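Next come two complexes, and both contain chain A; in the first it sits with chain B, in the second with chain C.
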Partner chain A sequence: MNAIIDKLALYMQYPFVRYALIVGVLIALCSSLFGVILVLKRFSFIGDGLSHVAFGSMAVATVLKITDNMPFVLIITIACAILLLQTGQNTKIKGDAALAMFSVGALAIGYLLMNLFSTSANLSGDVCTVLFGSASILTLTKTEVWLSVVLSVSVAAIFILLYNRIFAVTFDESFAQATGIKVKLYNLLIAITIAVIVVLAMNLVGALLVSALVVFPPLSAMRIFKSFKGVTACAAILSVFCALTGMLVSILGGTPVGSTIVAVDIVAFALACIIGNILRRRCA
Partner chain B sequence: MKHRVKILIALLLPLAVTGCSKEGDMVNRVGKGNNVDKVISELINKAESGNNTADLGKGTIEKSESDSEEQDYIAEENEKDAVDVDYDLTGMSSDMVYAAVYNLMADPDAYVGKTFRVEGKYYPVYYEPTAKYYHYCIIQDALACCAQGLEFVWGDGSHVYPDEYPEENDKIVVQGIFELYKEDGEDFLYCRLKDATMEVISQ
Partner chain C sequence: MAQIICQNLSIGYGAKSILHNLTFSVNAGDYLCILGENGSGKSTLMKTILGLQPPIHGKVLTGDGLRINEIGYLAQQTAVQKEFPASVREVVISGCQGRCGIRPFYKRTEKQLADKMMAKMGVGDLSKCCFRELSGGQQQRVLLARALCATQKILFLDEPFSGLDPMVAADLYRLIGELNHRDGITIIMISHDVAAAIEHASHILHIGKTVFFGTKEEYRKSGNWHIFDGNEGGRNNECNH
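What follows is the complex of A and B.
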C-alpha cells in the first residue's frame, strides 16, 4: 500500500498527471449530467455517432496540419449534432438511419484520409490512440487543458441554471411548449452541449468509448434511484468516482486510460444492479 | 433462480475484467521497486564495505581498477543524484513514459534545469556537419510507435568514444539536467541532458 502511495505521490509531481485528473473529473461530471437526458430522451446512441464524426473531423484537421485541432473538431461536431437533432424529424432519411449514415461515413472517411495523407510512421498506433484513448488525456496541451476546463464548467453551469426547463423538455416536449418554453431552442442547446461533451470525452476515453462514459453512469443510477434529481446526482457522483478510479488504476498499473475507466463503469453498473435488486426486495 | 444468476454474473464480472493480466506483469508495474535504485544501493554497499570495485552487476562500465578513489566518488555522486532527481522515468509504466516524453518534447521550456533519470538503449550517432558523435538514450513508448531518443552528455563530455562508452543497444540508465541548445549556424532547437551520469544495466 505504501508503495502505491509513494508511486502516486511521484506521479503527482508531473503537471500532465495533475491536468489529466482535473480535466478527467470535469469531463466525467459533464458527460453524466447530460447523459441522463440522452438516456431519457432515447438518444443514447447519438454520442457514439457524434464521436465518429469527431474522429473524422480530427483526421481532416490532421491532413490540414492544424496543430490545435480541438476548436476545429468542435465546430464540425456541433454542426453535425444540430443537423442530426434538428432536421432529423423533417428529412427523408429519418433519425437512426441518418445517425448510422453520419457515424460510419465519418469513421470511414477519417481512416481513409489518415491513410492517404499519413503524417506519422505508425498509423495503427495513431488511430488506436484516437479510437481508444490509450494516453490522450495525459498528452493534452495547455490550450486544450484550459479549453476543456472552460467548456466543462460552462456545460455544468448550463445544466444547473436551466435545470427546470431541461427537465420539462426531457420528459414532455408538448407540455413544455404549452407552458411557454421554447422547446426548439432548448433542443438546439442540448444538441450543442452534447457535441461539446463528446469532443471533450474523446480525450478521456477515445472516440469508440465515448458512449460508455455518457450511458453507464445514468443507467447505473437508474438501478438505484427513481427521481430525476436522485438519478442525476447519483450519476454525477458515480461518473466522477469511476473516472477518477479508472485514471488512477491506469496511471499506477500502466493500463490504457479509456478502457480502464469503462471497465470500472461496468463494475459499478453491476454493483448498482445488485443494490437495486436488494432495495426492490426490501420495498416489496 | 433468475436473481441468483444475475448476482453470480455481476460478481464474476470484475474477475473477467481483471483476470487477464499476468501476475508477473502486475508485480513489475506496481509492486516492484526501482531497479536502478537497487543497482545503486548495491554499488554503495560494495563501496562502503571496502571493496572498491564499484561493480554494477552484469554491465559494469569498463574502467580501470586502479582508480578506486574515482569509484568511491562515483558511488557518492550516484547516492546524491538519486535524491536530487526531479523526474524519474525509470520506474514508470510504458504509458506514463510515453506521456512524460511527449510532454517533454511538446513543452520543453517547462522542464529546463530539471534533473531527469531515464532508462533506454544506448545509441550513438555521428553527425557529419559538426563532425561529432552524439549519444542518445532511446526510450520506447507503450505503442512502440514513437521511440524517442534523448541526447545526453556524459559528465563534462570528456569521455572518449568508443573506448569508454558501452556497446550500441546496451540498456543504460542516464541521469542529467535537461537543457535546450542550438548548434553554431543552425536555427534548430535541440534538447539534451547535460552533466549526465550513465550506468549500463544490461548488455
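What follows is the complex of A and C.
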C-alpha cells in the first residue's frame, strides 16, 4: 500500500499529471450531466456520431499542421451538431440515417487524409491514439488545459442554470413549447454543448470511446434512482469517481487511460444493475 | 369576449391541408369537445391553436386577456415519458416554467402552487413517487396538476381518457367537470366518445367531411352525430396521405 502511495506521490509532482487529473474529472462531470439528457432524449448515437466527426476534423487539422487543434475541431464538430439537429427534423434523410452517413463518412475521410498526408513515421500509432486516446490527456498543451477547464466549467454552469428548463424541454417538448418555452433554442443549445463535450472527452478517452463516458454513468444512475434530480446527481458523482479511479489505475498499472476508465464505468454499471434489482425486490 | 378565435383556419402538414376554412371561437368558461374520426385532424388542430405548428392559412387569435404562456396542455403521452425518471413533484412544478421568464430557479410561491395543485388533483401524497410507475389514471391527474400550474384560465386536453378503464375515466370526467364549473377554467378537449362528450361539454366542434360547431343542444338537434354510425371518411383520409 505504501509503495502505491509513494508511486502516486511521485507522479503527482509532475504538473502534466495534475493537469490530466483535473481536466479528466471536469470532463467526466460535464459528460455525465449532459449524458442524462442525451439518453433520455434518445440521442445517444449523436454523441457517437459527433465523436467520429471530431476524429475527421482532427485528421484535417493534422494535415493542415495546426498545432493547437482543439479550437478547429471544436468549430467543425459544433457545426455538424447543428446540421444534424436540423436534418433530423426537416429533410428526406431521416435523423439516424443522416447520422450514420456523417459518422462513417468522417471516419473514412479522416483516416484517408491522415494516410495520404501524414509525415509521421508511426501512422497507425497516431490513428490509434486519436481513436482510443492512449495518452493524449497527458500531452495536453497549456492552452488546451485552460481551454478544457474553461469549457467544462461553463458547460456545468449552463447545466445548473438551465436545469429546470432542460428538464421541462426533455420531459415534454410540446407542453414546454405550448407554455412559451423556446424549445428550438434549447435543443440547439443542448446540441452545441454536446459537441463541446465530445471534443473535450475525446482528449480523455479517445474518439471511439466518447459515447461510453456519456452513456454509462446516466444509465447506471437510472437503475438506482427514480427522480431526475437523483439520477443527475448520481450520474455526476459516479462519472467523476469512475474517471478518477480509471486514471489512477492507468497511471499505476500503465494501462491506456481511456479504456481503463470505460472498464471502470462498465463495472459500475454492473454494480448499479445489481443494486437496482435488490432495491426493486425490497419495494415489491 | 372570446379567449380563442380561429379565423378561416386551414391546417395540415407541409403544403397538404386536411381541414379548410375553419372559423370558430371559444369563450371563457366554455367546455368544448372536439370530435372526429381518426386522421380527421383533431390533434393537428389543437397543435395549430397552441402554436406548435404553423397554420397553412388563416389565423389563431387570443383575447380576453389570455396570454400565450397562460395555457395548460395535456398531450397524448410520448414514449420518452414512459421511461423518464422523474418524481411527481418534479413533473408538476415544471408547469411553472412558463412563468419563470429568464429566472433559472423556482420561487417559493411556485413551489407552494405545485403543492396546492397536487393536493387538488388528489396526488399530494404521491409527490415523491416516480411518475412512470403510477397507474394511467394517476399519471393523467399528475399531468393535469402540471397544466394547472401553467394556467388558471384554459386547458387543452388531447384524448385524456385513452387507455383508462371506465371507472377511472368517469372519475377524471368528474374532476375536469369540476375545474370547469367551479373554477371557471375553459376546457378544450379532444375525444372519441360522442355520448360522454354530449353529456359533459357545453359546445361541440365536429370535424371531418362535414364540419359542425355549436352548442351541444344544437349538435343533438342537427343529427350530425349519426355520421359516426355511417363510418365517416376519416379512415379513408388516412390512406390518401
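The criterion applied here is as follows: the second predicted complex is superposed on the first by the 284 of 284 C-alpha atoms of A that agree within 3 Å, B and C clash if a C-alpha of one lies under 4 Å from a C-alpha of the other, contacts with A are read in each partner's own complex, and residues count from 1 in each chain.
Heads up, the rule we're going with is that a residue touches a chain if its C-beta (ideal position, glycine included) is under 8 Å from a C-beta of that chain, and two chains touch if they have at least 3 such contacts.
The structure displayed is predicted, hence computed values, not measured ones.
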Kindly say whether there is room for both chain B and chain C on chain A in the superposition, answering fit or clash. fit
Superposed arrangement, angle subtended at the Cα centre of chain A by chain B and chain C, nearest 10 degrees: 170
Report for A:Leu189: first if it touches chain B alone, second if chain C alone, otherwise both or neither. neither
Which of the two, chain B or chain C, is in touch with more residues of chain A? B
Output check: A:Lys41 vs chain B and chain C. Expected answer is one of first, second, both, neither. What do you get? second
Which partner does A:Asn164 reach: the first (chain B), the second (chain C), both, or neither? second
For A:Met222, using the defined touch cut-off, is the partner it touches chain B, chain C, both, or neither? Pick first, second, both or neither. second
If we overlay the two complexes on their shared chain A, which of chain B and chain C does A:Gly180 touch? Say first, second, both or neither. second
First (chain B), second (chain C), both or neither: which does A:Ile237 touch? neither
Once both complexes sit on top of each other, what is the least C-alpha distance from chain B to chain C, rounded to whole angstrom? 21
Once the two structures are superposed, pull the chain A residues common to the chain B and chain C interfaces. none
Could you please specify the touching residues of chain A with respect to chain B in the complex? 3-4, 7, 10-11, 13-17, 120-122, 124-126, 128-129, 134-135, 138-139, 141-142, 250-257, 263, 266-267, 270-271, 273-274, 277
Could you list, by residue number, the parts of chain C that touch chain A in their complex? 47, 50-52, 68-69, 71-75, 78, 80-81, 83-87, 90-91, 94-95, 97-98, 100, 104-106, 128, 130, 133, 146-147, 150-151, 156
Where on chain A is chain C touching in the complex? 40-42, 160-165, 167-168, 170-172, 174-181, 222, 225-231
For chain B, which residues are in contact with chain A within the complex? 3, 6-7, 9-11, 13-14, 17, 26, 29-31, 33, 86-88, 91-96, 98-100, 102-103, 106-107, 110, 142-146
